[in-house]
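Shared between the two complexes below is chain A, which has chain B as its partner in the first and chain C in the second.
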Partner chain A sequence: MALLQVNRLYKQFPVRGGLLNRPIGAVQAVTDVSFELDQGVTLGVIGESGCGKSTLGKTIIGLHRPTRGTVTFDGVEITSLSHRGMMPLRRRMQFIFQDPYSSLNPRMTAGQMLSEVIRFHDIVSPRQRTRYIEELLEIVQMRPDARHRYPHEFSGGQRQRLNIARALAVKPDFIIADEPVSALDVSVQAQILNLLMDLRERFGLTIMFISHDLKVVEHFCDEMIVMYLGQVMERLSCDRIQQTARHPYTQALLKSNPINDPRDRTELHVLEGEVPSPRNPPPGCPFVTRCPVAESRCQTQRPGLVPVGRRHDAACWLVDADAASAVSSGSGKTAGSSD
Partner chain B sequence: MSSASPSSELPTAAPTARPVLSVRNLTTQFRTDRGLLTAVDSVSFDVFEGEVLGIVGESGCGKSVTARSIMRLLPEHITRYGPDSRVEFSGCNLLELKERRMRRIRGDRIAMIFQEPMTALNPVYTIGAQLDEALRYHTSLSRRERRRRVLELLERVEIPSPERRRREYPHQLSGGMRQRIVIAMALACEPDVLIADEPTTALDVTIQAQILRLMDELRKTSQTAIVLITHDLGVVAQMCDRVVVMYAGQVVESAGVDDLFHDAAHPYTRALLESIPRSGARRTGRLATIPGMVPGLDEMPAACRFAERCSGREDRCTRIAPRLTDITDARSVRCHFPMHQAAGETH
Partner chain C sequence: MTEIGSSRAWRKFLRHRPAVIASVVIAVYVAVALSVLLTGWITLEDTSARVGPANLPGFGLLPDPEQRMDNAEWLAERIESLCDRADPEEALAGFRDLGSRRLADLNVDEFRRRIDAIWDTWDRLAELDDVNEAARSPETGPEVREGLAELDRRCEALLQPVSETGSVWRTLELLLGTDRQGRSIFLRAVYSIRVAVMIGLVTGLLAVAIGTLAGLAAGYFGGITDGIITWLYSTFASIPGIVLLIVLAFMFSGGELDASLNRVTGGLLRTVLGGRLDETLIPVYISFAITFWIGPCRVIRGETMKIRELEYVQAAVVMGFGRMRLLLRHVLPNVSHLMLINFSLLFIAAVKSEVILSYLGLGVQNGPSWGLMISQSGQEVMKGFFWQIGSATGFMFVLVLAFNILTDALQDVFDPKHV
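Then we have the complex of A and B:
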């Protein structure tokens, strides 16, 4: 059974305005997102800024209350749990933030910070605490004496190691990492990615890895979901995405991604236009305003996420039609496509 | 066994061309509480008409200070340039120009775009007014001509409905659109040189592609020389003709882009290239990393600045500072034991 099941999750934020600061609209940050995540799998969530990937992560872990939909973790529906009821599960789910600076308390030493989490969740007995903290620091490849130091004494990479140590301190099963390497230089980024890969193997972690960087996701994750304007456009395996990506948006992301080698230089493929405002998304497919192959029905009807291959789903009328004619001619999914 | 050195077939800037901008022994120091700190140490490079020169390096390597030194945008009262430092542009040394004359060059002959477009835009004026100001200051166009030119510029940088956008304020535009406005301002005077400091770092990839294409068009149509400062080697691979790699305030390697990616001579360049995840090569295992950290400005080693982190370090590296040495006409490297193929053959 899947460790995490997200079922038709919606998250709206009210937009207030006017003289009385009344709600005058809503931002659709996450719209109808469903997926399952098996134990031990690393799932990448990719998309451009404002696509709802961070909100999705925060809603799953309970930092936002969903507008609709459910999240089930290890068989327990956590969206309806009280704060108290959530507590034992919260220990098993941890979050790593993008900014290693603002996510650490500047007035606490590394040791105090780790100690606080350990004490709160009662992970080890008070007598073993110091030993455990040193062990944690060693796990993230920091010196044991780092526990006496304050956040400002560390570099960006070291701070992110500290964040990872704090997440691991409670022995979680599941980690949501929101752009954990985006603020770091490439050589440091490589160190942190290697560390996360080691730890994933060592502790059998299930990871949801939120990122805007396709190369990083491709390298680090098993599967990925591609989000656009709050919705999932495609879910696919990270193996050979260049060949397998079906959704026009995923393909556009791949083509806009900077190349590895100057010899691969071609005319830059450019996706025209910009992401529409999440306050009034297009009624049909969210990608329709920028899609190079959009048809008239894409303007009015929203395509659902449907299987287009093995462990591969896409939300596109055109991909659906192609897949249906190529894979199975008599699929019920294509009933509406005859017009 | 003598295979041709790949550098010999490399197309570089036409040898007869004179550089538009020439930086010579640029040393930039700051007076601070901790004493005089050297942020940029004897940096030299040339930029030719119609070419894109990349300056790459990680945070703190001095690439932005180099750009700001060229533009003289650093606070003068704490900045000191080395006695033999020169920034040669159209027959004068920019470092010695009076601020009043420098102002006529900035924006007009040398334009700069920044990572955060809001630093270059005034929040209380409309887009149209700001573009108009640039034209009024640097050209002799009439009011009506300027108005037409503003619309042309907005169209050129692909701003939708320019007649409406012209009357909007910066905060009403998205980040990508703001960056295009800044580029439009840079284009307004058809500068000889455009210095772009991390112009796409804050943008999404699809928007980044739009901005890069725009810069490429600018180079092709106006023969503008572009200095592109970035930490992103993918952007370098896509855009640059030649590349200068900086580490701890110094140039450690300069080469044509193809040589740099396929036959890097400096161990730092190699390590940097190996540490980026590559598309299409998933799960090849661990990424190569560079151990340790960049030394602080007040604790620069006297010998090789990369030695402490270098996998090929030898005794000499920690004793003698390597000099930036030409290895071919178009390449130079600051290393006692350069790693490129040609070096292996000559030994």
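Then we have the complex of A and C:
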């Protein structure tokens, strides 16, 4: 059974206004997202900024309460658990934040921060605590004396290592990494990514890796989910995505990626138009306003996520037409339909 | 961001020379207040006792000739009236109107003889139309000044010589002159430091404590808690501060609240306080705390709302930490610099407001305070005597200035954008 199951998850943020501060609308941050994640798999979540990928991660970890839908972790439905009931699972699920500058408490040394987590979850006996902290720092390739220092004494990359150390301190199975390298220099990005890959091997971690960088996801992940305006557009394996990607949005993303060899450069494909407001998404396919191949039914009917290949789903009427046979066979993993 | 207690904050602070000097000044004030409070080297009696004639100028300056005559007249009449008592010896021995100075060890007849000698000189000088004018004019000047000196010597002859140790205290007593009732301005001004520092410290701490708790709760929990607290401080803030202070002070004054509280508690309050509520500083503390908590509450509410969304707090939520741990370990330490800055702002505000309230007769009820001194110096100022109002405002000015400089420096030190 999958380690993580997300079933028709919705997250809406109310928009308040008027004299009485009543809800006057809602931002549809995450709409009808379903997927499964097997033990040991690294799943990339990719999309433009504002597409709801961070909200998805934070809703899964419990920082946001979902509007609808469920999250099941290792067979336990966690969306309805109380603070106390969630406690044993907290140890097994961790989150690495995006901004290394605001994700460490400026008033605690690295050692205090790790020690608080270790004590709270009772990871090792008090006598082994110092040894364990030094071990953790070593795991993230930092010097043991770093534990006496405050966050402002570290660089961005070092802070992100500390974030990783904090997440690892509780010996988790599953980590959600929310754009862990996007705030770092390119050279440091590579170091942190390599570190994450080593750790994934060493501890057999399952990772949900949120990013807007297709190259990074392609390199780092096994599978990926492409999100647009809070909805999943395509789910596919990271092998040979150039060839396998079916959804027009994924293809547009691939074309907008920088090309290494200038001789390969063809004309630059830029998506026209604006992302629609998540307060007022189009009734049909969310991508319809910018889609180069949109048809009339795309305006009014929302395409569901349907299998288009082995471990490969897409939400597009045109892809759907190509794979009509796959639709009729209706795999169990199909999720979402036009509401 | 610079943090309290970090060596970086200290270095930044120590580079700020005026702030270091201001801290030393504040430390001296606090030390004086503590020494008065703990050792009692100035007692309440010292500040209310007569130490000499009224309105003596400070720094040992001589009053004008007319006043010197008035002072001699005052002393002679006082002693004369004591000699006329049924038990003159006892009355003379109990004479305390010259502060630490005592009458000479003489019998009643000798006192009368010496007082007559004073009157001789006094009468001679009194024949002049205008002593002040005469002392200045070139013809009569030397003679009048000699007469005045003689008058002073003859007054001095009534008293014991000043001992070595006694002279220091006597210098202090007369350092800044005396007020209209012949009380020592210096002792009163110094004793008022105790009152000012206590009011500043207690109301500063109380207001910051209440404001921090309310601000943390409002900012962190939001929703209905935030609504209630915001409503509460908006309501208080819509009343002009000084009006609110006056209303609260009126509520406590007159002893009616004290009486009804004692009726309800069966005299418990009186036993605990050892006196009447309106005679302590407690009403002042309460009214100031009620008015002043708004400032820190607002600032800390805003900062908490900001910090709550920061990723290190969310990281702590993901760890499963409880609300108390989040607030105390992750939010509170990161607003503590605001508490410090607000405390120092409120300290000044409390000292200044105390002066205003006491000036209006609603603040300190017993014992001296700068406000009472300023209030009492009204008539003196009209007569051209500025020692009392000058001393009170001077003492207050130095303290307030020092705190202002310190607050500015603290704001600079903790300002993340300021390197």
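We take it that the second predicted complex is superposed on the first by the 324 of 339 C-alpha atoms of A that agree within 3 Å, B and C clash if a C-alpha of one lies under 4 Å from a C-alpha of the other, contacts with A are read in each partner's own complex, and residues count from 1 in each chain.
The rule is simple: contacts are C-beta pairs under 8 Å (C-beta built on N, C-alpha and C of every residue); 3 or more make two chains touch, one makes a residue touch a chain.
Source: prediction; values computed, not measured.
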Kindly say whether there is room for both chain B and chain C on chain A in the superposition, answering fit or clash.
-> fit
Put down the vertex angle at chain A formed with chain B and chain C, C-alpha centres only, nearest 10°.
-> 80
Partner touching more residues of chain A, chain B vs chain C, is chain B
Touching A:Gln231, do we find chain B (first), chain C (second), both, or neither?
-> neither
Go through the superposed model and pick first if A:Asp261 touches only chain B, second if only chain C, both, or neither.
-> first
Is A:Arg107 touching the first partner chain B, the second partner chain C, both, or neither of them?
-> second
Check whether A:Gln251 is in contact with chain B, with chain C, with both or with neither, and answer first, second, both or neither.
-> neither
Give one of first, second, both or neither to describe whether A:Glu48 is in contact with chain B, with chain C, with both, or with none.
-> first
Just chain B (first), just chain C (second), both, or neither: which does A:Asp239 touch?
-> first
Examine A:Phe220 and indicate which partner it touches, taking first as chain B and second as chain C; both and neither are also allowed.
-> first
Across the superposed arrangement, the tightest C-alpha approach of chain B to chain C, in Å, is 9
Contacts on chain A seen with chain B and repeated with chain C across the two complexes = none
Of all residues in chain A, which touch chain C in the complex?
-> 58, 61-63, 83, 86-87, 90, 93-95, 97-99, 102-108, 116-117, 120-121, 150, 152, 163, 166, 170
In the complex formed with chain A, which residues of chain B make contact?
-> 58-59, 158, 160, 174, 176-177, 204-210, 212-213, 216, 231-238, 240, 257-258, 261-262, 271-272, 275-283, 286-290, 293
Given the complex with chain B, which residues does chain A contribute to the contact?
-> 48-49, 155, 157, 185-187, 189-191, 193-194, 197, 212, 214-216, 218-220, 238-242, 252-265, 268-275, 290
Write out the stretch or stretches of chain C touching chain A in their complex.
-> 1, 3, 6, 310-312, 314-322, 325, 329-330, 333-334
